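In what follows, structures are represented as structure tokens.
Look at the two complexes coming up: chain A is in both, with chain B in one and chain C in the other.
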Partner chain A sequence: MRIEDAFLGVTVALLGLVLVYLFRVAVGPTVFDRILGVSALGTTTTIILLLVGVLYDRIELFVDLSLAYALLSFVGALAAARYFEQTGDR
Partner chain B sequence: MTVLVVLLLAAGLFFHAVAALGVLRLPDFYTRLHAVSKAETLGMLFTLAAIIVWIGPSLTAVKVALVGVFVFMATPTSAHAIGRAALRTGLKPWRRRGGSP
Partner chain C sequence: MSELVLAGLLVLLGALALVAVSAADLLIAAIALGAYGFALALVWAALGAPDVSFTEAVVGAGATTVFFLAALLRTSRRRSNVPNPQRLVALGAVLAVGLVLLVATRQLPLWGDVGAPPSTHVSPRYLERTLEETLTPNAVTAVVADYRSYDTLIETLVIFTGGLAGWLLLARPR
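Moving on to the complex of A and B:
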């Protein structure tokens, strides 16, 4: 039972959680539930990227990837929230 | 050292599971927003701590810590923006069926 198996297990579990957030995005009654699902999805994917970086022993590459991804998902969530603030909840 | 990494990973996974449970079970948007933004941030801190302990003190560990600091600041900000947007468009918070305030 090497340590990589623990990292692999956590990565697979987080992928399962991504499905939960996708379910919330699909079902969410209001549009803000969907924005919440997407932003939580972004954060979880950032962590999955880092864990995959540890699994592949090429952490330098994946750290930069996850930082860029965290920035993008943050800005995207803010833009969506600001947009739906005006147009309201159809 | 390995035990510490496994413990940190388990704690991170626990809080991620709590966040996912909160997203599924809670009745209203505001309660879900509340649950996810808190549990997600804490779970992320634990997982990143595990990664930092595992790869040892190096420049990359500083970068991973920077990612952690950024997400630690970004998630509450975006949760605040989404919550304010929902409140402004008139999304009423959930009340218990008894209607008591």
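Moving on to the complex of A and C:
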């Protein structure tokens, strides 16, 4: 078994996790469940991007991408937090 | 293997789009669109286009969600009750345009086709001559900022106008 197979296995497992997050985003039941689902999705996507970089043998490019991605992926959750702070509803 | 992953991601994209369209609460629709952006970014990464994937993640999942939330903050979370006939016309127009695009896709070269016109003479031309003509090591940067600099300039103008209009609409009256 090569190391690439292990990386591929981890990638597929994480994609399975993405399914769980997306289920939470789609089903809810509250808005907060959905926001948490999107946040977790952003974190996992960062790691999946790195693994895809290893699989495509272009890790130096994907490291930069996932770093910038990690910096920006929580912006949506922040905006939602601002929204609830200003309106006070759920 | 990667085809299976891609097919799964595309099914998810469809499901998330349906959630966004059918949600009665517009806040849920905005969040579902954010998740749609993340899933689409993964699709681009799996297709080997990391720069497009990155743009999709920043614009589709990040900025668009913020803009939608800013708009919702100043309007209402409830969807308006557009009369049914208007909705049907909109659905018909969307389906017709989608069908035209789908038919047009059949004329495109296959993904990664080395015999396609862009692969045989457009890409090699840029890759071979970019360094001597523009003194820029990155060919994509040279195309965007040098060969198509007017295009990029006007694009910047469009984005500036859009940003200005958005700011005028969303800025709080004093």
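FYI, the second predicted complex is superposed on the first by the 87 of 90 C-alpha atoms of A that agree within 3 Å, B and C clash if a C-alpha of one lies under 4 Å from a C-alpha of the other, contacts with A are read in each partner's own complex, and residues count from 1 in each chain.
The criterion applied here is as follows: a contact is a pair of C-beta atoms (placed from the backbone, for glycine too) under 8 Å apart; a residue touches a chain by one contact, two chains touch by 3 or more.
This one's a predicted model, so the numbers in the text were calculated from it and none came from an experiment.
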item	value
Which of chain B and chain C A:Glu85 touches, first, second, both or neither	first
Chain B versus chain C as contact partner of A:Val54, first or second or both or neither	first
Touching partner for A:Phe7 - first (chain B), second (chain C), both, neither	first
Which of chain B and chain C A:Ile35 touches, first, second, both or neither	both
First, second, both or neither for A:Ala26, with chain B first and chain C second	second
A:Leu15 touches, of chain B and chain C: first, second, both or neither?	second
Chain B versus chain C as contact partner of A:Thr45, first or second or both or neither	second
Partner chain in contact with A:Val63 - chain B first, chain C second, else both or neither	first
Shared chain A contacts, counted only where both chain B and chain C touch the same residue	21, 28, 35, 37, 82, 89
In the complex with chain A, residue positions of chain C that touch it	1, 5, 8-9, 12, 15-16, 19, 25, 27-28, 31-32, 34-35, 38-39, 41-42, 45-46, 48, 50, 53-54, 57-58, 61-63, 65-66, 69-70, 72-73, 77
Touching residues on chain B, where the partner in the complex is chain A	2, 5-6, 9, 12-13, 16-17, 19-20, 23-24, 29, 32-33, 36, 40, 43-44, 47-48, 51, 54-55, 60, 63-64, 66-67, 70-71, 74-75, 77-79, 81-82, 84-86, 88-91
Parts of chain A lying in touch with chain B, wherever the complex brings them together	3, 6-7, 10, 13-14, 17, 20-21, 23-24, 28-30, 32-33, 35-37, 39-40, 43-44, 46-47, 50-51, 54, 59-60, 63-64, 66-67, 70-71, 74, 77-78, 81-82, 84-85, 88-89
Interface residues, chain A side, partner chain C - complex	8, 12, 15, 18-19, 21-22, 25-26, 28, 31, 34-35, 37-38, 41-42, 45, 48-49, 52-53, 56, 58, 61-62, 65, 68-69, 72-73, 75-76, 79-80, 82-83, 86-87, 89
